[in-house]
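Each chain gets a letter, A, B and C, in the order it is written, and its residues are counted from 1.
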Amino acid sequence: MYRIRFHGRGGQGMKTASRILGTAFFNEGFEVQDAPRYGAERRGAPIFAYVRAARRAIYERGVIRHPDLVIVADETLVAMPAAAVLQGVDAHCVVLIHSREPAPVWQHRLNLAGPVVILPLAEEREDRLALRQIGTACAAAAARLVGVVAWTALEQALRDELAALGDALVEANLGPARRVYDFLSPQQGCVAPGPVVAAEGYVRPDWVELAFEDARVSAPAIHAALTSEQVQTGQWRTLRPVIDCARCKGCWWVCSTFCPDGAIQVDESGRPRIDYAHCKGCMVCAAQCPHHAIEAIPEQDAPPAEDERGAK
Amino acid sequence: MTRMLLTGNGAAAWGARLAGIEYLPAFPITPQTEIIETIAKWIDFGELDCRMTTLDSEHSMITAAGGAAVTGVRVFTATSSQGLLYAMEMLYTTAGWRAPFVLVNVSRGLASPITLEPDHNDILAARDSGFLQLHCATCQEVLDGILLAYRMAEDGRVRLPVIVNLDGFYLSFTREPVEVPAAAAVARFLPPFDAQNLGFRAGAPLSEAVAVLGGSPYSYFRYQHHLAALNAEAVFEESAVAFARCFGRSYQAVEAYRCDDAELVFVMLGSFATKAKAAVDCLREAGQAVGLLRPLLLRPFPAAALRRALAGKQGVAVIDQNLSPGKGGVLYTELASALYGQADSNPMLVSFIGGLGGRDISAEEFYEMAAVTRRAAAEGQAPEPRLLYAEAELCEIKKWQAIAQVQRAKEGQP
Amino acid sequence: MSETRFQTMKDLPSCHLLGTGTALCAGCGGLEALHEIYDILGEKTVVVNAAGCMTLLAVYPFTPFRGSWLYTAMASAPAGAQGVRDALDILLAKGRLTAEEDLQTVVLTGDGAAYGMGLSATSGAIERGLDFLYLCYDNEGYGNTGQQYSGATPHGARTATSKGPCGYPGYKKDLFAIWAAHRPAYVATVVGAEPLDLARKIEQAKNRQGPRLILSLAPCPTGWDFDPSETAQIGRLAVQTGVWPLKEYRDGQVVHTKVPQKRLPVEDYLKRQGRFAHLFQPQRNEALLQEIQARIDAYWDNLQS
């Protein structure tokens, strides 16, 4: 059985990727399971979707614990513990990363025993079309790497799954998909179907006796304030707002008022400061600043932000 | 202490009054309404320092009850049948908040067809809600049960809401002598509400009843809820000992009547169990070793006590005043699961469905259930579940069907 | 409005009280309004919430609130507020809570709850004169479940359950009028994109007693299909085109607090949102566009007369 996991951000079309790949496998006569991890999918937040495909009935279900192929649509997710990109990745598993850096760099950085394949990052195009194309490209990459999905099956899947978006969009996606599919032809078939967890010599679950705890601690209640600030929503960002101090007139803090997340505080000297640990990169501030003092910079090109590591 | 004639509803109101309830969110429904009317009158005439708010529905009523309980006051409320079902989402929800309060349910059969008369499908629909359940057999037990319920609900080892159940009509509107304890004695048994770490106030931020993401935290909270519910059995036993010391009446999680030397045992819930008691006495007089077991506590389910009491018995007649369509009696299923897989107790279990929608159960029917159960025990084979329904009843229905169809034919054809 | 402490934009809070790090979408217009409102209401509040996007504000063990919060269910947040308010009053009366420890009871729900499932509970709370502040963030659909149409969805909008060529066939319910018909202490419409107007109204509401209800338009990049950076712009366009009249009901009167002198054509608002794209592509749906414009014009014409 093939077990493939797609990691991306909400809005990058990971669900679509899993559906295209699932349908392509199906067109090739496979039994298939595809699903997004369901939950609150927010644009920019890490999400994943997965596909299983086999020549016989699939009895496994749910999240893939031991993937054969992990596809990372957004390289900034790799360092993010919450994204759990590398969960269950072992020497058998192929990792495909959408990145500008070459495979050996990633191999070394992540200390991976298995193969790493790079899907080069296209030139920056932060429009919605580009975002959707990431998902399609990822599906095409997976189809090529498993080696058992012909272009015709993939093309049909793509047409079927994107049909609702209209012909123009389907055509706009076919080209890039084909290019990815061709580009990875040297790696065709590098993903091998993985084994099942054997019933012999398995690792015993470390079950515990859950002991009673008083409702004072065991009720779903939070006896504290502002604990959400421990959640680093700054990691959702693909664009970073940067205030140009020279242009900022310290107006009535339009940026700070409109920032939906309250991620811009005004310091004692009356200057706005962006809390990059939590700024989600919506760019409302940039759009609203009357003096055009806030610039949007793609995250990859931006230096690590000062206060990104700790909560403010 | 005074002894007076009280209906079950009156006893419920007295239980609430003696418990010193501070808040009563309310909504009317037959046969419960008399409870809130009685308390409303006491409030209006200054006899009870309590705030009452009538909400727009039972769903809202239980939400308000839970909201007030987690804010830190002693809350009482009451409903019945359709109201209990309308509130169902909030039963699960407020129990999950670990909000301690007491809800009286006056059992009434559920629509459809809509009826006013009692059976236990309403209360058993709330079986898995996370509320604890006390099932009363007499008006006295209604009053006493409410006091016991507050002790359980508010105990740190439990902190869960409790439903005290009484049967519509057979208890709700039926007067019996009830000993009403003195307020001072009750105050010794039931101290004022200790809200522990519950309560919204400035300077003590509290985000209550928050969401979880993922099965792990969910499993933890749900299982803790379960463990707290299990604790409630020991807390009940302790409270019952204290209750006996204060008021001289003793209660067990499972009431056993002439069971010790019984060969056959009736098992049933609620007020009709006193009919079974009468039948037991007559059967005993006729030389038959028959007893009765009546769980007063249904949640937590007193499985060990039932197992102990039924060990070595020949046969058990489980009489369900409820029906799970496509399955059968709920109490029968619960009991079977408690007995199955045990090394030493394997009495023959026979299932009877009776008393649906307030249908009476006659003495003769009890005798016959004993006979059927004895036969099954001897043969080692349980018969199919039996609905208590007589030839004469069917004849009546046939007559009515004729009328109903004549009516339809008239309208349908020109 | 001379009594306000919010005379100019400069008077708006520059420090924000609602915590960051919540799971709401980047660019959420509802969150924009909520954080502006929370700045004024402050932490002496208990926010009683109904199921919707905002339920994900507090996910164990993370909360953005400085004060308190209680999640209830979709239909009954106003009833939860009733229970909490009643209990606080009981505690105050019995001396178990000091006046300084007391909290404002705030209900926070989406439009799905406010216009539909929770309307009975709201009506009951108003008729009982409950001392609370209701805040509805109106993203014009069941957002948390993927933006199906609700009683608040505007005519013609595409939602997950109205994907046909004409979009949603129904008309947005007039919740302001329904609320005002109950004669509560205060009702107002606001939008996060008009923060000064919003601040004055929340100040008004805060200083009154009894039922006070705030209806905030909540531009929703996810459900309305626009780029998250445009949230404030779209909110402002809703006001400038007359789609979202800013008004208040107080002392038995309805007053418009910001009458657009020269209303922009509604198209300016519709065009920016994917949910109305079918009105322009593949060809303009002139009839529907005219109908939408005519209804807005009629609203404002009625006011004049």
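A few comments on the model shown:
The criterion applied here is as follows: contacts are C-beta pairs under 8 Å (C-beta built on N, C-alpha and C of every residue); 3 or more make two chains touch, one makes a residue touch a chain.
Values in this document were obtained by computation on a predicted structure and should not be read as measured data.
Taken as a contact graph, the chains are fully connected, with every chain touching every other chain. When each chain is reduced to the mean of its CA atoms, the one lying nearest the mean of all protein CA atoms is C. Centre-to-centre spacing of chain A and chain B amounts to 51 Å, using the average Cα coordinate of each chain. Separating the CA-averaged centres of chain B and chain C is a span of 43 Å. Separation between the centroids of chain A and chain C, computed from CA atoms only, is 32 Å. Multi-chain contact residues of chain C (touching two or more other chains): 43, 56, 58, 60, 63, 65-67.
Each of residues 205-210, 212-213, 217 in chain B touches at least two other chains. Among the residues of chain A, those touching two or more other chains are numbered 40, 220, 222, 224-225. Residues of chain A that touch chain B in their complex: 39-40, 210-216, 218-225. Only residues 96-98, 156-157, 159, 196-197, 204-210, 212-213, 217, 220-221, 223-224, 227-228, 230-231 of chain B touch chain A when the two sit together in their complex. Touching chain A in their complex are the following residues of chain C: 8-10, 12, 14-29, 31-32, 35-36, 43, 56-58, 60-67, 144, 192-193, 195, 221-222, 227-233.
Of all residues in chain A, only 40, 42-45, 128, 220, 222, 224-233, 236-237, 252-254, 256-263, 265-266, 275, 277-278, 280-284, 286-288, 311-312 touch chain C in the complex they form.
Those residues of chain B that touch chain C in the complex are listed here as 22-23, 25, 51, 53, 55-57, 59-61, 63-73, 75, 89-90, 93, 199-203, 205-213, 217.
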